[in-house]
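Letters A, B, C and D name the chains as they come in the text, with residue numbers starting at 1 for each one.
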């Protein structure tokens, strides 16, 4: 049942999906019609509501993809397809402790906090206080504050933790953090790095190899959306051709040679 | 520390990655050399070991991708890239209860069990007993038995549960299960379906729409692997061009019209 | 040397490339500056010119891709990547005679006329006179009139030619033309068909098979554009994810069975 | 009608397509059956023939894709999808004169010779005599000798021609040839370069820009083959994920600055 202060997905149609915080006395408006948020309180998730125009809308429990679409984000954030694979390929499980740099708008942070569950912890580093303030608000909005620790520090100078389960990097020069990441990781733990340009693939891959990581993979995911229409099903014409590359490796206890 | 009966990843190189159960007195052999498994017991994950040939290898904690590569699977299983996105886009969280059909070799089952954590539950249906026996063994191997319930039943006749958080379908005619899935799902809950052929996209999409689902998306993921090599970094030449399509939707409480 | 009435490519930058007919006394204007076309007459192709604003521009001989970008086209036209492969895979050579339906805005017609050379002929069918008028003007503009014959007729009732080297179809229901195409083609000649949706692939493929065609292939081309930038080379973010599918086959003299 | 010494495509099925020279008294054999080539002489292209096993086969006029599949080639050759787009985007027409380096096994040479027609000329450079001997034989086999001139020379020392219509490069370090290519090209003429790795894109692009080329594009084509099967049409599972990148530009008469 939806209560005041809950964050919900307000779904009018495929192009009009909003993330809103339910507040008494507040009104939500769009080009398809408006609704008084009071009327949403007490409804079951999934319910149909009627807008001022007579159009129908639905109240849904926010998924991570809804959060991606609705999040306040002054900076470019990672795409769901990439976040999904980064988390999956890292091997993390509920209850794990992971490091992240940089925080950015906090979308990867939120996704990690979701997956790690109540006992898990994300420690997220950034060098920009203004960005972390935005990320903090995003994380508060979603009631995930207990799972996240913010640190305002340049990880090129090292992490403060050790023996963590996985490390996620989305920053301009991750090769400068490879050695620090190795030190902070639990043996056999994963590092997962996102970079947007081709020359970074090589730099990251070589830095990982030289820092004691093994099982190094560089991968790219292309997502195609399909239009479903009777006798006219086909991929959508225009879309995202490129986001970036995911490079991952695992900490080995290599004997020095 | 690695104990007897632990399932470990035995990593020799990128093409020689094995999932093995550590047993006293047993030997592991490959074209790159052999090792007595006794010598692995007591080692820390990440440790380097030396094969009979002098070659080095590493003992790692199995990730889901290792499990994918090493799992006993007489049938085609879903690819990690697809499983990652199916789980992510479903919005499930640790502790949730989900349904799955069919079980197949159990790779999606295992991935779900990992993500749902100790408090989560996967109820998985199949019509083939022989397949479920294999899946059961795979799940036992990974010590996930407590999180999984097996049912030998045709879901085209309906699910036995209700109010579940999400439903995952990987079966030849999922359109025949759309209505039953709707009935078993919690409002706002997700259905996520995998199909290999183009004409199935349309059939599934239309069935979902006609069964009360909204926010219906059909997507496809193409994964490109890159070779990392100094001054010669490029995508690998040959690879998997196609696995299938992922169609998802959410249960709405639509007023009948 | 550029003469009056020549059609040239006027290149200001990657996003400002125009196809213009050089006329005395006329002026060309853009947001980057203007130029009197008189000043272009007599220049060598490749020359640099200065716009009213001081910006530089270049006069180039139009390539087929320039024509694609600059052509008057009320309807969607085939993309260069698809036209290139359709022509190449058809096996046609200079001097050949080919059929096409429908004409549309004439971009494939123009491409065929270019490749077939002075001795080649394109006979192009359409059912819409208004479209053929536009195509005719496009073909006149490029001085290719001698190579093209226009026919206003529904090819579902058959072609008027026989023994042609290849047939190209870009129309909604090409399966209804497979048998007529077979009759009009020279044995061993190619049919090449473009369709935008997935269900059409199957319908076309089966119609070709049932009409005596062999060596039937269905293919799709995805083109990724790259941004070249020092230390930041990468695919462009947004692009064309889908145009359509190319299905081709060759006429065999199969004994009836 | 097929005569002795003609090169034909012998098509048994999608996986058994052969390029053979028809010789009296010779026999062609495959795992699907054999045939005496005498029986092919005098047949019309497209004809059905019966193999020793009773299986059917077809004699076809070789297309460029047949030649690609059947060509003797000790080195990796460019793929048809890339050759098609390289030629198309170059803007060349029948009768043009083009340069190529390196010759390799001659597949691009053959494709160019086909498109340029009887009046066109390809001048092809390579530094390896053994490769050019193979290419020569391939070109002789296809009766294209009159259209091709072979030169055994390192183009990094310059081309011997000037005012050519287009230049095609498929060699390890094309950036070292950009300036020579500029000198040999007709103003407004195209250079089209193929490279397999990501770091080469940037090097080539910058070299072209610094050598007076404009309208520089870097592109990549991904081809997906589809299986056509009733109710089971879908992309083929395994395929070529990567061949290389195509970079092209046009010679401008830039004022030096």
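The working rule: a residue touches a chain if its C-beta (ideal position, glycine included) is under 8 Å from a C-beta of that chain, and two chains touch if they have at least 3 such contacts.
Owing to the predicted nature of the structure, the values given are computational and were not obtained by experimental measurement.
Enquirer: Which chains are in contact with both chain B and chain C?
Expert: A, D
Enquirer: So which has more C-beta pairs touching, B-D or A-B?
Expert: A-B
Enquirer: Starting from the mean Cα coordinates of chain B and chain D, work out the distance between those two points in Å.
Expert: For chain B versus chain D, the centre distance works out to 43 Å.
Enquirer: Measuring centre to centre with CA averages, how many angstrom lie between chain A and chain B?
Expert: Each chain reduced to its C-alpha mean, chain A and chain B end up 21 Å apart.
Enquirer: Of all the residues in chain B, which ones touch at least 2 other chains?
Expert: If we look for residues of chain B contacting two or more partner chains, we find 198-199, 201-202, 224-225, 231, 233, 235.
Enquirer: Show me the residue ranges of chain C that touch chain A in the complex, using the header's touch definition.
Expert: Residue list for chain C touching chain A: 196-199, 224-225, 231-244.
Enquirer: Mind listing the chain A positions that touch chain D in their complex?
Expert: Contact set of chain A toward chain D: 198-199, 201-202.
Enquirer: Where on chain C is chain D touching in the complex?
Expert: Residues 11, 14, 17, 44-48, 56, 58-66, 80-81, 83-85, 87-91, 93-95, 111, 114-118, 186-190, 198, 201-202, 205-206, 214-231, 233, 235, 245, 247, 250-255 of chain C touch chain D in their complex.
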